[in-house]
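Paired with chain B in one complex and with chain C in the other, chain A is shared by the two complexes that follow.
So, the complex of A and B:
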C-alpha cells in the first residue's frame, strides 16, 4: 500500500485512475477548487490544494476565496499588493484553512510575511534562488521565534521548530511537498518523479503508475533518500557547515565562504533549540502549576 | 568480563596510513576454520570453569568482513555446537571499515547478537583507502554505501576518528563534519599513534592533541544537547558529574589479566597492538587453554605497573582514576618496558585542567 502523498496538477483523468490515495493538487485558479474537491474526494483523499498565482493577494477575488470552504490549501501570491485591498481580506483569510506562500524574490516578500503573521494569517516564504536575502530571512526568522507578540506561523520556520530533533536531519522541503520520503510527483501520464524539479526535467523513477505501491523497493528511491551522503564525499562545502542538519545542502550552488547561508542556518538552529528549551520550561511550569 | 580481540584476518582491503597491521604483515592470511573451532572449544572450557565470567569477543583485523559471511555462519555453528551451556555469556562485537558490508552479513551478525558495528573514518584525502597513494575517494564512497546499508538494517555504528597532523589545520570544520555525519555525536577522537617515521606528516604530539580537543571543547559544551555522545568529552563529563566510569582498555589499568588478542595463526598476545609489535606473546590456543593464557606470568609486569606508577611517576595525581598511566604499550617505544606512564594519559590531564574545568566550571575530583 502506497504510503506517500501524491502531488500533481489538477487532472481529472489522472486522479480518477487512482483510489484511496492522498493528494496535493496544484490549481491555477481559485474557482476550480470546488470542482477539484469533488473530483478528488470521489475516490481519494485531499491533503492540500496549492493555488499557484502570479498576482498579489489584493487581486484575488474574495468571492472565490469564500467558496473554498474548509479545505486546506496554499495560496501562492506575489505579495500583498494593494495594502488596503489585502487587509480587507484578512478576516476572511483567518476563517479559512489557508496558508499564504510568497516567493522569496517577490518585492517586499519578507515584510508582507511579517504583516500577515502579525495579523494571524499563516504564511511562508517559498525559496527560488540559491542566494536569498539572508539578512532579511534571518530577520523574519528572528521575528517568528523570538517575538513575544502573538502571531501566526511562518513557514518553513514553524515546521522546523515544531519537528526538530537534534539527532535527526530535518528537511523543510516537506512544507513545499518536496520530501521524497513523504511525497511523490505525478505528471498527466501518471509517470512518477521524486520532486517537482525531477518532473519538469522528465527524470522519472517509474513510468508505470501501477508501481506506486512498490516505489520504496526501487534502488533509485533508496539512493535518493541517502543522497545526502554525497555531500560528505566532497573535500569541503555543506557537510562541514554547522547549519547542515537543517539546510541539508539546499543552497549549495550559491554557497561560498562568504555567503550568508552558513550564518543563517546556524542562527536558525540556535533559535530552534532556544524555542524548544523555552517550550519545555513553560510546559514544566504549567504542570507544576 | 574478559575481552578477546579476535583478529580473524590480517588482510585488509585498505591501506590506511597509520595502520600497523597492514604495514607489518606482508604475508597476511585468514584464520583457518579449524583454528576458529578450537577457539570456541576453549571459550566454552573457560566459561564452564568460571561460571561468574563472560567473554566479549571483538571481531577485528585487518578487515574482518574479508572472510565472508559464510565464515561467520561457521562461527555461529561452532558456538551453537560447543558452547551450548555457555553461549549466553558470550558477547560479540565487530570493528569494520564498513566498505564491504552487504545484506549478506545482516542475518548472521544479528544471530551472533551483534547490533552495532564499530568503525572509523576520516574525510581527509589520502589517509584511508586502498593502494599507494591511498585512493580515499573510492574508500569513502564504499564507506558511505556500507554505512547507509548498516543503518538501513538497524545496526548502530560509532566512529573512531584518528586525530592526525592534518586534523590540526581546521579542527572546527572536522568537528562539524563528524557531528553532521553522526548527528548524536557518536564518535570518539583518538590521537594517531605512530612510533616510526612512516608518516611524519601525520604524527602529532600530546600537546597538539590537547590543543585540538581544547579548540573543540567550548563548542561541544555549548551544544552538548545537540550531539551529546562525542568522546572523550562525554565520558569525562559523565565521570565528573555522575561518577560514571566508562574506561577504555588503555586507561582502565585493568587489562593485565583480562585481555587477549588472537591472530589468524592462533597465536595469542596481550592485545592488538602488542600483536602488531610482537610483544607479550602468550602462546597458541592450540596448545594452551584460555586460563593458561590469561594467567601467563608475562602479564605480571602489567599488573605491577599500577603500583609502580602510583609510587613513582603518577604519585598522587588526582586523575589516576581515569588514567592509570594510560596504555602500557605507549611506554614501551621510549623505555622498552611497560612500567612508565604514557604521555597520552598526561595529555588527558592537561586537557581537563586547561579546558574542561575552566569551560564547565566543574572540578574533577577523584572517585574511589
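So, the complex of A and C:
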C-alpha cells in the first residue's frame, strides 16, 4: 500500500485511475475547484488543493474564494497586489483553511507575508533562486519567531521550529510538497517523479503507475532519500555549516555563502533552539502548576 | 496617545508651525515604511492601545496613506488623521472609495484650518472638497498664534459641511532655539478673552471646546472657567502630554516643540507605556527646575494636585537657552 501523498495537476482521468490515495491537486483556476473536489473524493482523499496563479491576491475573484469551503488550500499568488482590493479577501481568507504562498521573487513578497501574518492569514515564502534576499528573509523569520504579538504562522519557519528534533532530520521542503519521503509527483500519464522539478525536467523514477506501491523498493528512491549524506564527503561543504540541520544543502550553488545562506540559516538555527528552550520552559511551568 | 508621522512633507507653510524646526532637520522624502508600520501596530497592540493618530507633514501625501489606515483599522486600531484638508483630488477619490464602509468610530479627521485668507484659492478649494466628503467625520482644529484671530469661518464650515460640533484649539508655542510665530506668555490671558468672546456662537451652535495642551488654568478667571464648563462640561484639562510623536525614521520625541529634546529610537522601548513614562520623567525634571510658565506656578496648589501642568514646557526650555547653564545638565539635552 502506497503511503505517499500524490501531487498532480488536476486531471480527471488520472485521478479516476487510482483508489484510496491521498492527493494534493494543483489547479490553475479557482472555479475548477468545486468540480475537482467531487472528482477526487469519489474514490480518493483530498490532502490539499494547490491553486497556482501568476496574479496577485487582489486579482483573484472573491466569488470563487467564497465557494472554496473548508477544504485545505494553498493559494500561490504573486503578492497582495492592490491592498484595498485585497483587504476584503483577507477577511474572507481568515475564515478558510488556507495558506497563501508567495514566491520570493514576487515584488514585495517579504513585506506582504508580514502583512498577511499580522492580519492572521497563514502564509509562506516559496523559495526559487539560490540567492534570495537573505536580509529580508532573516527579518521575516525574526518577526515570526520573536514578535511578542500573536500572528499567523509563516512558512517554512513555522514548520521547522514546531517540528524540529535535534535527533532527527527535518526537511522544510515538506511545506512545498517536495519531500520525497512523503510526496510523489505524477504527470498526466501517471509517470512518477520525486519532485516537481524532476517532473518538469521529465526525470521520472518510474513510468508505470502500477509500481506506486513498490516505489520505496527502487534503488533510485533510496539513493535520493540518502543523498544528503554526500555533503559530508565534501570538505568544508554545507554539512559543516552551523545551519546545516535546517538547510540540508539546498542553497549549495548560491553566491557569497558567508554573508548569505550561512548567516541566515545560522540565525534560523538559533531561533529554532530559542523556541525549543521556550517550549521546554513552558512545559515545565505547566507541570509545576 | 501615539502620534505616528507618515511623512515629513507638508503642503503648507504656516507662520506658527511648531513642526518646522523638526521638519527642517529631517529628510523631506522620509516616508514611513510598511515594515515599520507593522512594528508600530505590534507595539500598540502589545501595549493595549486601541487608538493612534496619523500625522505629517501632511499624512495624505504618503502614497500608502489609505492602505496604512485600512491596515490599522483591520487590526482594530482606531485612527485619527491630523490633516490640513489640502488633499490631492486623486487621493480624495481613493479615500472616498476606501473609507466608505468604515464605521464612524474607527476613523476621524482633525482638520487644521487656517483663516481662508492664509490659503491660496487652490488650497481653499481642496479644503472645501475634503470637508464636503469627510465633514461628518471631521473635528475642525484652529491654532492660535496672534491676538486678533477670527473664528467665524469655522462656524460657517461647521454648518455648511456638517462638521462635528467641537473645535480643537491649540496655542502656538515657541520652538526652543528657533523662530516661529507664537503666543507669548503675557498674551495668553488676552487670547483666552478673545476665544471666550465667541461663547454666544459656541452656545448657539452647541460647540464644545477641546483645549490642546499648554493652556494654564490660572490664565482663566473663575468666571471664564465657569463659562468653559457651561460650554464643554467637565471635559477639559490644563495638562501636558502624555502624547508623543514617532517619525518616519522611527525616532520618537515628546511633542513637536520639544522635537530635539531627548529624541530616542522607538526600538529602545518595549511598550507605549515605557515611552510615556520616559518623557513624563524628562518633563518632570524640567518642572522640578521651574514649576511652570508663571512664577506662581512653583507653589501652585492646582499644579501640585495635577489639575494644571503649568503651561507648555517649550516656554521654559526657550528661557533656559537664554540664561547661564546653571541647571542640571539633562535639562539642556
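FYI, the second predicted complex is superposed on the first by the 283 of 289 C-alpha atoms of A that agree within 3 Å, B and C clash if a C-alpha of one lies under 4 Å from a C-alpha of the other, contacts with A are read in each partner's own complex, and residues count from 1 in each chain.
What we mean here is this: contacts are C-beta pairs under 8 Å (C-beta built on N, C-alpha and C of every residue); 3 or more make two chains touch, one makes a residue touch a chain.
Everything numeric here is computed off the predicted structure, so don't read it as measured data.
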{"item": "Fit or clash - chain C, chain B, common chain A", "value": "fit"}
{"item": "First (chain B), second (chain C), both or neither touched by A:42", "value": "neither"}
{"item": "First (chain B), second (chain C), both or neither touched by A:83", "value": "second"}
{"item": "Which of chain B and chain C A:232 touches, first, second, both or neither", "value": "first"}
{"item": "Which of chain B and chain C A:216 touches, first, second, both or neither", "value": "neither"}
{"item": "Contacts of A:118 with chain B and chain C, given as first, second, both or neither", "value": "second"}
{"item": "Minimum distance between Cα atoms of chain B and chain C in the superposition (Å)", "value": "27"}
{"item": "Touching both chain B and chain C, residues of chain A", "value": "none"}
{"item": "In the complex, chain A residues that touch chain B", "value": "166-169, 222, 226, 229, 232-233, 235-236, 239-242, 244-245, 269, 273"}
{"item": "List of chain A residues in touch with chain C within their complex", "value": "83-84, 87, 90-91, 108, 111, 114-115, 118-119, 139, 143, 147-149"}
{"item": "Partner chain A, residues of chain C touching it in the complex", "value": "34-35, 38, 41-42, 45-46, 64, 66-67, 70-71, 74-75, 94, 97-98"}
{"item": "Chain B - residues contacting chain A, complex", "value": "123, 125, 137, 140-141, 144, 147-148, 152, 173-174, 176-177, 180-181, 183-184, 225-227"}
